[in-house]
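Chain lettering (A, B, C and D) follows the sequence in which the chains are written, and residue indices restart at 1 in each chain.
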Amino acid sequence: MTLDILYFAWLRERVGQPRETVTTDAATVRDLIAELTAASEGHAAAFSDMASLRCAVDQQLADLDSPITDAREVAFFPPMTGG
Amino acid sequence: MTLDILYFAWLRERVGQPRETVTTDAATVRDLIAELTAASEGHAAAFSDMASLRCAVDQQLADLDSPITDAREVAFFPPMTGG
Amino acid sequence: MTARVQTAPFDLAAEIDGFGAGAGAIVTFTGVVRDDTGLMAALDIEHYPGMTERALQDYCRQAADRFGLTDWRIVHRHGRIPVGDTIMMVATAARHRHAAFQGADYLMDWLKSRAPFWKREIAQDGTATWVDAKSTDEDALNRW
Amino acid sequence: MTARVQTAPFDLAAEIDGFGAGAGAIVTFTGVVRDDTGLMAALDIEHYPGMTERALQDYCRQAADRFGLTDWRIVHRHGRIPVGDTIMMVATAARHRHAAFQGADYLMDWLKSRAPFWKREIAQDGTATWVDAKSTDEDALNRW
């Protein structure tokens, strides 16, 4: 399965890129994070603070246990600060 | 003591005039109402529903027991409906 | 920091131009003449000249103290106001949003039940009916 | 019933021209870039194109259902926004004032913590610092 991964705010800075495409068999967001963390030091840094991690699956807010089997796009970012 | 008495909204309509000047020795708003009620049928009608009566002494909201000994202006009106 | 009573329409845009400079949050409330029955032509609003502006200023100063408002404005019309026209506006400014929201909400509750205005509905056939005060408005005041 | 994300400044007056026709109560909230330290130059706001407008629309529809809003509008800027400029606005219209106030207040709480925007403070010396989410904003959401 091919997935677009997006990063925003300081997660984007730590990973060093705003998006990438990965091939994965991960079933949930949590599984995907485990794979991504191993990809680089930047990725490891981005995912080092799980309490400050938010995510969206196909542009809907999701949590770590959300399934991604049919997903096309997963985004990671810190807590939102709009308004 | 000479007092300006003002009426607003349907109290004004019932009394039949927006203001009058009275000479009175009334000590409180309640005493004053007792005197005014006797003045005419219109006054009696205006003061017939005490639950719907509001008043101001010298342009400050007041109640039936408020003293008027030093007052110059007393106003009577129904519950307010601003906004 | 202005409280004004007038017959003329007001322009919300002009009223908030430069309002609340330096604040982080600005809330406005605008009341509009509504026609629920399809039979109404206008509101006719009576007020107590002399008392009204001072009462509005008192309520605004209380709200400013209580919620830390950095600026406030009330404009309230009287006289005949046709359906669809704005009746009045409140604007509040504060550092943070909750203070601005609460200040405006509080002022509206005071204004509804404690400012010396009386509304009469004028129907299209000319009939005039005094609007009764709502017990819900009195209840709203007791929230604070 | 509009949710828009844009870099350009917006004009509150133009946004509410014709807004909420037929409603009795209109509430607006405007957020402005505040400089508490005297050292700030601007905010820089990042968002999630594709997701943002749809998320805003979802929150607005929820608020409209819940509070009986007859109209709503959100405009949120992104990119670099200098101190004193407006960041975003919410407008709500309803028959009665409490619905309009609550709808706007609710939308702001959602928007603060659930809409995909991230703020960075840009100091006058060019230093950029990501703004931390506030636990009070998360608490505010739990009121509803």
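Please note the rule applied: a contact is a pair of C-beta atoms (placed from the backbone, for glycine too) under 8 Å apart; a residue touches a chain by one contact, two chains touch by 3 or more.
Everything numeric in this text was worked out from a predicted model, so none of it was measured.
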Topological distance between chain A and chain C, in contact steps:
2
Using CA atom averages as chain centres, what separation in Å is found between chain C and chain D?
24
Between chain A and chain B, centroid-to-centroid distance (C-alpha), Å
72
Residues touching two or more other chains, restricted to chain D: which are they?
31, 97, 108
In chain A, which residues are in touch with two or more of the other chains?
83
What chain pairs are in touch here?
A-D, B-C, C-D
Flag every residue of chain D that touches chain A in the complex, lowest number first.
31, 45-48, 50-51, 54-55, 76, 87-88, 108, 111-120, 130-133
Per the touch rule, the chain C residues reaching chain D in their complex are 11-13, 16, 20-34, 84, 95, 97-98, 100-101, 104-105, 108, 140
Interface with chain D, chain A side, in the complex: residues 6, 8-10, 56, 59-61, 75, 77-83
